[in-house]
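A, B, C and D label the chains in the order they appear, each numbered from 1.
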Amino acid sequence: MGNSFGQLFRITTWGESHGGGVGVVIDGCPPRIKLTAEDIQRELDRRRPGQSSIVTQRDEPDRAEILSGLFDGQTLGTPIAILIRNQDADPEAYKKIVNIFRPSHADYTYEAKYGIRDWQGGGRASARETIGRVAAGAVAQLVLRELFSQFELVAYVTQVHEVTAKIDSRRVTRGDVERNAVRCPDEAAAKMMMQLIDRVRSEGDSVGGAIECVIRGVDPGLGEPVFDKLDAELAKATLSLPATKGFEIGSGFAATTMRGSEHNDQFETRDGRVRTNTNFSGGVQGGISNGEDIVFRVAFKPTSTIAREQQTITSAGEATTIAPGGRHDPCVLPRAVPMVEAMAALVLCDHALRQRAIRVEERT
Amino acid sequence: MGNSFGQLFRITTWGESHGGGVGVVIDGCPPRIKLTAEDIQRELDRRRPGQSSIVTQRDEPDRAEILSGLFDGQTLGTPIAILIRNQDADPEAYKKIVNIFRPSHADYTYEAKYGIRDWQGGGRASARETIGRVAAGAVAQLVLRELFSQFELVAYVTQVHEVTAKIDSRRVTRGDVERNAVRCPDEAAAKMMMQLIDRVRSEGDSVGGAIECVIRGVDPGLGEPVFDKLDAELAKATLSLPATKGFEIGSGFAATTMRGSEHNDQFETRDGRVRTNTNFSGGVQGGISNGEDIVFRVAFKPTSTIAREQQTITSAGEATTIAPGGRHDPCVLPRAVPMVEAMAALVLCDHALRQRAIRVEERT
Amino acid sequence: MGNSFGQLFRITTWGESHGGGVGVVIDGCPPRIKLTAEDIQRELDRRRPGQSSIVTQRDEPDRAEILSGLFDGQTLGTPIAILIRNQDADPEAYKKIVNIFRPSHADYTYEAKYGIRDWQGGGRASARETIGRVAAGAVAQLVLRELFSQFELVAYVTQVHEVTAKIDSRRVTRGDVERNAVRCPDEAAAKMMMQLIDRVRSEGDSVGGAIECVIRGVDPGLGEPVFDKLDAELAKATLSLPATKGFEIGSGFAATTMRGSEHNDQFETRDGRVRTNTNFSGGVQGGISNGEDIVFRVAFKPTSTIAREQQTITSAGEATTIAPGGRHDPCVLPRAVPMVEAMAALVLCDHALRQRAIRVEERT
Amino acid sequence: MGNSFGQLFRITTWGESHGGGVGVVIDGCPPRIKLTAEDIQRELDRRRPGQSSIVTQRDEPDRAEILSGLFDGQTLGTPIAILIRNQDADPEAYKKIVNIFRPSHADYTYEAKYGIRDWQGGGRASARETIGRVAAGAVAQLVLRELFSQFELVAYVTQVHEVTAKIDSRRVTRGDVERNAVRCPDEAAAKMMMQLIDRVRSEGDSVGGAIECVIRGVDPGLGEPVFDKLDAELAKATLSLPATKGFEIGSGFAATTMRGSEHNDQFETRDGRVRTNTNFSGGVQGGISNGEDIVFRVAFKPTSTIAREQQTITSAGEATTIAPGGRHDPCVLPRAVPMVEAMAALVLCDHALRQRAIRVEERT
């Protein structure tokens, strides 16, 4: 259990990194949404390996096949099943670590939980698992665009190790983000990040960083107190991604050193509607969207797989060393950008549908 | 929707801050757990207002009545309903803000979502809503103690505004925490925190801070990839608490500036079992507990209610000012400690039961 | 687990027959529905014991207290908690059966499942558990009346033992049903039923029967294939009531001896909309409402508690005899009518909200 | 929504009858269950068209491909995705009914619900949708056999139109059932059923009937009061199958004409354990299994598709006639037997896991 996400727009992902493929079933997509395989492929291409020199060189075309739920180019309201075959799987490369627990990987914990694990490439703990999420997130974004005419969703790298970028979350566009391979819209910082990633890779090491995500144009009223608050759901959604260590919304951890008199977002009437004059809340108050930009950040650890030799133990408990090799990202951040966007879209779409079920203006 | 939490150990909370009371129904508690009203009361007393000079002086005894699910001092396996009546409710105090949106409160968003709100004291957005969580968390802790003989769960304040404490998460006990009113086990820091809180209150302002939580003695194997990962669930659980802005586990945001070679927790055999020699993972790898201490931190914003005058608007959109008065905490941290513990216990208990359903050793 | 029902209009019931009370929490009720305690009381009074000479004489006023979710006579969109205290509980009467498994009761199975049971009056297996359902069903009916202006829901007794009634499901009203204590709108049959129930009681025995339920005026389109079909959900809902043994919709078991050429409901245009000229489908096709009357029937067994002596065993496995005595219904049917209506209303309301989330006409 | 079933052993089916295929994702299957594609194929072959002269002649090999969740012949505890491609799809045959609502089919209700439908062969309302259920049911049966050493599950046709069979539910085996094409273990009745089906087909008509299912060897204690009672769940599970109209357990509708003194199952100690001397309860009391055989029956209507001309309307509301032709079953019963078994296995497996999570004997 645990492979489904969402209440009304509900996805179930499946697949190991080296089995027959990976995929997703979307249940609850509203009918009559225009959808093509290309809409999905566009997002998968942003996530896929081998897209630039700074990411893993595993060669996976990651072609999505839509198996159901579509008719004449529109959704039917029935489950949308999407299949992506694995192709460049290389189980041989993993044979030497069959009985070794890689440090900070999920090898040991999967063994402890299930008493069995697929040692070929990480199984479900592989980043390949996120393909289904990204495919479903592409569909969620189409739904959101139909529900909210002003809807925009942009994530971007704000930090790689100690290189931090300056980005105005109110203005950044997806075009800005896609301008470079590291997906950081601050060009100067991006250049330094790419150099750093190259250097780290050459040293057989890896680095972490942070991604920020901004969502514009959703109505006030999304989010379901008290447990399914919008911020709580975004946190769960993004921290279910591999390699994540932290989440903050609006002021985030910086709020800990602020006073109420600084932090409170004062209301005003602007553009003919209720607005706040600051946005420390990050677009969510009491767990419900307030119409301001929703802004959150996610912390990623350095990739666990590094070329350097490390101490570890075998599954029999004996000390050994490991130097994995294989094809890996020295920094997951650039490819994680579409993953964060997908998870955000899934949360927003689910809550938009949940709000439709009870919303007031439709009954009166 | 959104007032239930958990899959197998599932709680549903209800109640507004100024209605007939607040409460919780626990569905899925295993049978034959010894439970008394006193077990619950002990935790509620740690949460309740008026317990010390640095918290709100609203006078609520918060006496829990267990209405069902108990027989001869043991749980029946049937739903446990717990009722806490509201007593010191003072709706009159709120009459002056009936039509005013308090800055950074949930007044506006509830209005936007539901088209109606209980303006008396915050309704569901009040911290009183957490009473049901704390009551249920007390039950969850009893279950966890029965399932894991070494189980320990301790949360504590590590930071109030710019005062930060030095605490060894591996050794801190609940006794250490309860030694002072601010619930910070570093006595020197605690003293400074209390002085700061007093000063801030006298200035009509408020402050934020951080709470750390450590969980010891749970088995490896808890957590359900890929969406219900243990860390993702802890994040959702704690970020569903009022006034929270961020969550991090293990290395957290500090991981963003680390290299893989530093960050990886190397495995070793110690104490006759699999251990890691560092714990940057925070006790969770691939979303599953690895047997190390689970350590996470939660950021809290400064309380939104402050005595100072602020700009805001009426529900008709007209500019006005507000200086709420009323009885409020200048710093929510001390009373949030048992809330964080409760949410952590609920997540752990739920996942312990989920793992029992499939665990391997029982079938062979 | 298992004490919640519904996806969007979700209820959780709690309480044993002889504990502090029984109750329900409704999560997901839309905001701004007019609701008073009297709306709920009216339905509870139809369910409560002691209302006529043919039902159990246990004296329970069953007064409902609404604890939350209501403000100024309207729902808030937050959880509605309803509490009904137990009053005429008589645990002493049960002391003689502490260690005896009553035939066809749930004593043994609760013991087998939980390893503990509340022997005072049946615990959760008591018909008192249905109070929460009936209270929630009253709220669901208010919502349905707001959503569908033509909404009508009427259940009635069609059979008691071998006495069967003639009732035109297309025309029967709740007024017809309430005209007599047995809740059978065929007055001649009702009279025979009442005589039979009286005689059976005097013989220390009990009888079963059947209830039919008709729902009019709901839109086509309710029901969620493929598992949450409207008929499947109605079946689960009603067969979760105590003493039920069977469910059928439309033609039901009679369909087994029909041919397709007789059974198919042919479409026609009537009253300006799509109609069928027969209704063997019972208002549901492919699991989705088609706009015709939804008509289903539920079979009830004779009450398990009878005054006559019966063979059974003790919890230690030794043969013994039992003659329970106590206050019980010789026939559950009359009081089961509002229970069936409540469960039907809960299903319909939940599916009406589910359909609102995706419905087409609102997006275009 | 509505395409998932089960709480812990949870399946999600997808696919239209004429799209890229159909399939299922199983989430929550315990790890280390031995499983091969052949285990699944065996059940699919019992369901597939073209297997005998009395079923539809559509030629679908229905080969199952297991895409994930399996490693070295054992389940991993991760999602098991199963894909079955559509092959003999013939959309051309449906072109003449693009704008016609077939009587007692789901054409109109899908249109009403979604505003769009796949007119090629029934879409999700096609019996092809059940392939995923049967595949998942095969896995559930493997799990149940591992959990309960005496587990047996047998369904069979007891009635086709007015031909009824005599079958002793306590002794019937799957071998008995598979002996003839109609899957009725009473050979004399089976012969008459086959003749009847042949005749009905030649007359361009169809017939209904009933299937009984018996489950032996499961522990007492399965089923989750009060809503997820075992009998309520079996009802929902089977009434979510196409063409079903009724469900009854144990005495079923016959209970309506019984007295309590006849109907009560008296307890005795037999074979060293608690038994009842009759089984009118059908193995379930208070919604929980009592260790006796679980016996239930499902009513099926005559197939809606018949060769005879019928009155109906177009989607524009105009009167027309239809004589579908195509390849269809004159009687769905023989192929519905493995479907009923699959749904029963899914319910039992889910509840066995749910009971493991809380069961008493493991904690003491």
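The working rule: contacts are C-beta pairs under 8 Å (C-beta built on N, C-alpha and C of every residue); 3 or more make two chains touch, one makes a residue touch a chain.
This one's a predicted model, so the numbers in the text were calculated from it and none came from an experiment.
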Problem set entry | Copies chain B and chain A - interface residue numbers shared by over half, same or different | same
Exercise. By mean C-alpha coordinates, which chain is most distant from chain C?
Worked result: A
Seminar exercise, completed: If you tally C-beta contacts across B-D and across A-D, the winner is A-D
Problem set entry | Averaged-CA centre spacing for the pair chain B and chain A, given as whole angstrom | 26
Problem set entry | Geometric centre distance via CA averages, chain D-chain B, whole Å | 45
Exercise. Approximately how many whole Å separate the CA-defined centres of chain A and chain D?
Worked result: 38
Exercise. For chain A, which residues are shared contacts with two or more other chains?
Worked result: 1-4, 7-8, 13, 28, 31-32, 77-78, 113-116, 124, 225, 354, 358, 360
Problem set entry | Residues of chain B defined as touching chain D within the complex | 7-8, 28, 30-32, 77-78, 146-147, 225, 353-354, 356-358, 360, 362-364
Problem set entry | Residue numbers on chain C that touch chain B, as the complex places them | 1-4, 8, 10, 12-16, 19-23, 25, 27-28, 31-32, 65-71, 74, 76-81, 83, 113-118, 123-124
Problem set entry | Parts of chain C lying in touch with chain D, wherever the complex brings them together | 1-5, 7, 13, 101, 103-106, 108-110, 112-116, 124-125, 129, 159, 161-162, 200, 205-210, 219-229, 231-233, 235-237, 239-240, 242, 244-253, 255-269, 274, 276-277, 280-282, 284-291, 299-306, 308, 310-313, 317-319, 354-355, 358, 360-361
